[in-house]
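What follows is a set of structures to go through.
You will see two complexes here that share chain A, one where it goes with chain B and one where it goes with chain C.
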Partner chain A sequence: MTEAMHCHGLGFDRPMARGLKRSVLKRIDATFHPGRIALITGATGAGKSTLLHLLGGMMRPTVGDVRVGQEAVSRWVTAHRDMWRRNVGIVFQQPHLFDDMTVLENVAVPMIPRGVRLAELRMRALDIISRLGLSHLTCDRAGALSLGECQRVSIARALVCEPSVLLCDEPTAYQDPESIALVLKALADARDRQAVVVVTGHDPRLTQTRFGDDHYMLKRGRLSEL
Partner chain B sequence: MKCSTSNLMWIWAAKDILRHPLESALLGGALLVLVVVMAMPLLLTQALSGSAERILLQSPALVVRRLNPGGWAPLPAVQATAAARAVAGVTSARARIWGTVRAGDRTVTVIGGGEALEDLLSKEDAGLLPNPGQAVAGPGILADGGDHLTLQSPAVRISLKVIGRLPPAVGLAAHDVIWLHDEDARRLLSIPEGFASDLAVDVFHDGEADTLGPDLVQAFPWPIQIVTRSQAIGDYQAGYARRGGLASVAGLPSLLALALIVAAVVRERTGRRYEVGLLKAMGWTTRNIIGLQMFRAVSIGLPVTAVGLLTSYGLVFWPGATWPGYWLLGWDQQPPALFLDPAGALLVLLEVGGLVLVPYLAATLWPAARGAAADPQGLIEGGVR
Partner chain C sequence: MISHPLSLAVAAMDAVGLLMILSAAATAVQVVLFWSPASTAAGQIRLEVKTESAFMLVPWAAGIYVMASLMLIGLVTNVLPHMVPGAMCGTGVMQATGGSGIRAMGFRLLVVVLLFFWVVLERLNHDRPDVPITALNARLLLISVPIIAIAALDTFRMFRDLDVQTPVDCCAAVYDLVDASGGLRAAGAIPDVWWLRGYCLLSPLLLAAGWRVWRRKNSPGSTCFFLMAGLAPAWVLAAYKSLIKILAAYYYGVLHHHCPWCLFLPEHRFIGFPLFAALLVVLLEGPGAYIVARVARRFPVLGPAADQRCRTAGRRLTMALMVFGALSGVPAILWRLRYGVWMG
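Presenting the complex of A and B:
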């Protein structure tokens, strides 16, 4: 059973030049529940990506912590957070693919250290690639894809291990309406298997489609529930 | 159902190597050349030292030469033999006729009669006794213009017919030796009848050889020089140690090349922080990342080092492989078959393998270990393309 994810007084200061710091997130308290999609909107630079990185254990908060159940995951040592991150699927704002690898290889990368059998690895990768409408690109190099296609490959990569926490930064950016439907369907499937799904974006199409179960607004580093 | 993570890691490491084929090929090639350049002189030095020692162990316990103000002089064979045999502890003494002469543009050793070679030859080969005007040549001697050989000393120049070859089994000892009839050898070396070049003396107990010196000096009515077997082995070993030292000096550029390879690998691995960050974001642990780098490094380093060591081994010990001797020692003829001391060769191979592989593996793993311990976001941002 997936546990809820809590932010307790979460804050993050980004180091600047000459020893200065800029406060990106300010004492955020929120709970993200399994089986629900939390949609966080906000202007560019509001701190949405930083919040996702903190939730995914990609970096440490300056104050406060991220808890899963009773465990303050964000306070764990790097090695433990590395292990825990196996439960997390993350989609970055930029696709961050291995350009010289094929779509299939990119999607398979998270499964390698998990010891998935080769045939199963291939089957799972092909399945998620197909669900995101990328079957015709399976053997193409990622470097040759459009930005929208890259973003969908990155979503497939995040979903392939069926993570219990799915964090998506602007997953509908660069997508046409048909692709958006595929992406939203994939995220809804993750919710239906009781994953914690947190999506950020300022794409009006997300709010227009009434996507998300819980809506938050991030403004000047402060999170408020709508 | 799960399969071993290491199987997938191997596949992924191979994939990673193929992602950068030129870089991988250059790295492999550089390591290969480095291993060969480092291993070959060491193996050759060791092989020469081992072969020489093996031969010298078959040589007489003591060699006695007569000295005169100009250097050495022939000694009267019967009188010298009797004087040596009179010393307590001496079991045998035999007069030998040998010396060095010119054969074309090179210096060769000629031996008169058969006694000097009898320890090295089998019964069948010992039947090859040359008559006057005939010669039996060592494996490293090439007869000029077919089966004839011209030898020249300050006193005389003679042409001989080569009637046979000393078997390759005589090895380094008789590699560039020419075996002549006693009469021809005396003419060439200006040794009168009844005289010999030196005296080969065997003793009852090898350990006594060093202590018999004063007694032998007393026994001869003229000044003598005594060289014991252990002294000869020491001289050879010192000579080969010097060559080994020179080979090591020649190896300094190799070490510099190794340092450059290590620096390049560290730089290249450090430049991959972005990839490490991305892998960590996708659930790879520090252990997984180090494992991948280890598999990658081993996939290149191990086969390349093995091939390099086998190549240098073959170049030194493979019959007919001439150019290491030509390059390192100036041999211009067919090289002698060298004796392989398996334990010694293994030690050299392990030494060179370790010397190259350990820094290379460390250079691969250290940046990976350092990067893998950091937070993934920092790695991605720090190394973002």
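Presenting the complex of A and C:
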């Protein structure tokens, strides 16, 4: 069973020019529970993406830690942290796809280091592609897609391995209303699988539809529950 | 001082290795003073990041050091004898260094042992994501630093003190160990045959201990590891003495040529390298398994990884014993089969 993710005194200072530092996140204490969607909103530049990167283990916090159960995963040595990150699905603000690979290949990439067999790999990739309404683009090169389509491919890539932690940075960016419904359905399915789902964004289509089970606001580096 | 390219390469590699170790040691000092894994303060997190990258240098430094040592042995045995008048092998070269060569070799061996133990413990440490024995490894690294510095310095002194003008007498250095009554050793020393008996007695014991550690179903407890740790150095000494005093004669084809360095020459097919490599493996893996087992007793979370490492040590020790036994014993057996007698 997935365990809750806790932030204990989490802080992050971003280095600036001339040795100065800017405090992006200040002493964040929060718990993200499995089987619930945590929606984090805030102004542009508030630090939402930074928080997601810390939760996903892509950056180390300056102070404090991120714990899953009793394990301080943010402080693990690199090799163990890399293995832990295989449990995490991340949707970035920018899709970061391989332009020369097809949609199917892009979605299948995370399964390769997990040793998934080819037949199952193809089946799971096609399943998640169809659930996100991308079946007609399966064999298209990612470089030829629109931003909205790329973002959905990125979501499919994050979900294909059924991660126990799903982190989404502006998943509804560039999406039309029909596509948003598919995206939100996919996130809800992840929640129903008892994954920890953390979504950041300031899209009113998220905040006004009461999509999240827990709603947080990130302002001036501090996280407060609404 | 000689300036042969190989000697310069050895000195340069020693210097690079030492710099890498010193860089890691600077972080090790901070670990010893300030390490506090329960704390989430910024200083502790910075130290953890710094330690992770600093300690990556040490295995590389160890690798460079081992390569430099191999290069040095090749230099001493196959290159420098041509430069030192009267030298036919490493014995003459060591003579020409006036004692600093033997000291350098001794310290280099000690460095290899210490760095091996450090690398083994650090790999054990990294089996757990919370790296529980980081502070212990930092202390071990700091203990190694002066030894590494002395070894590098002594190696440099060896090159500096090497006298390529004054002739040496390799054979006199070896055969002077033989007294006038023809083949007898100096009074008070252990008879050669006793070394061979010791080797023959200890070999099956150590082989059994190594086999048991390697192939056991359940944990053997401390006895097997203690046996391995205790027997390994004794076996290495007995095996070395037996090799030099008796068994090497079957490679040389002559009696009383008690020279370890000639085994590294091309006319003996460089057999010294695998023979002494096998000795080194036993010397390292025997006590190494014991150290790992003791650390695991103190840090039970490392139990499964320690168990696996000990099995590996048992396997390597067993293989090394068998390799040494074959390489040292087969020529003697072939001689016996061919001539019907043992040499001497």
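The rule we apply is simple: the second predicted complex is superposed on the first by the 226 of 226 C-alpha atoms of A that agree within 3 Å, B and C clash if a C-alpha of one lies under 4 Å from a C-alpha of the other, contacts with A are read in each partner's own complex, and residues count from 1 in each chain.
Quick note on the criterion: a residue touches a chain if its C-beta (ideal position, glycine included) is under 8 Å from a C-beta of that chain, and two chains touch if they have at least 3 such contacts.
Computed from a predicted model, the values in this text were never measured in an experiment.
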- When the two structures are laid over each other on chain A, do chain B and chain C clash or fit? fit
- Return first, second, both or neither, reflecting whether A:Met101 touches chain B, chain C, both chains, or no partner chain. first
- Message: If we overlay the two complexes on their shared chain A, which of chain B and chain C does A:Met16 touch? Say first, second, both or neither.
- Response: neither
- Query: In the superposed model, does chain B or chain C contact more residues of chain A?
  - Reply: B
- Query: Looking at the overlay, does A:Asp82 come into contact with chain B only (first), chain C only (second), both, or neither?
  - Reply: first
- Task: Could you say whether A:Cys139 touches chain B, chain C, both of them, or neither, answering first, second, both or neither?
- Result: neither
- Message: Per the contact definition in the header, classify A:Arg60: touching chain B only (first), chain C only (second), both, or neither.
- Response: both
- Message: Tell me the contact category for A:Arg157 with respect to chain B and chain C: first, second, both or neither.
- Response: first
- Message: For A:Ala72, using the defined touch cut-off, is the partner it touches chain B, chain C, both, or neither? Pick first, second, both or neither.
- Response: second
- If you stack the two complexes on chain A, which partner ends up touching A:Gly115: first (chain B), second (chain C), both, or neither? first
- Message: Please compute the chain B to chain A to chain C angle from C-alpha centroids in the superposed arrangement, rounded to the nearest 10 degrees.
- Response: 40
- Closest pair of CA atoms, one in chain B and one in chain C, after superposing: how far apart in Å? 9
- Item | Touching both chain B and chain C, residues of chain A | 60, 78-79
- Query: How about chain A: which of its residues touch chain C in the complex?
  - Reply: 8-9, 11, 60-65, 71-73, 75-81, 84
- Item | Residues of chain C defined as touching chain A within the complex | 40-42, 45, 48-49, 52, 126, 128-131
- Touching residues (chain side chain B, partner chain A) in the complex: 1-5, 7-9, 11-12, 15, 19, 275, 278-286, 288, 373-378, 380
- Task: Would you pull the chain A residues touching chain B in the complex into a rising list?
- Result: 53, 56, 58-60, 78-79, 82-83, 85-86, 88, 90, 92, 96, 98, 100-101, 105, 109-110, 112-118, 120-121, 157, 161
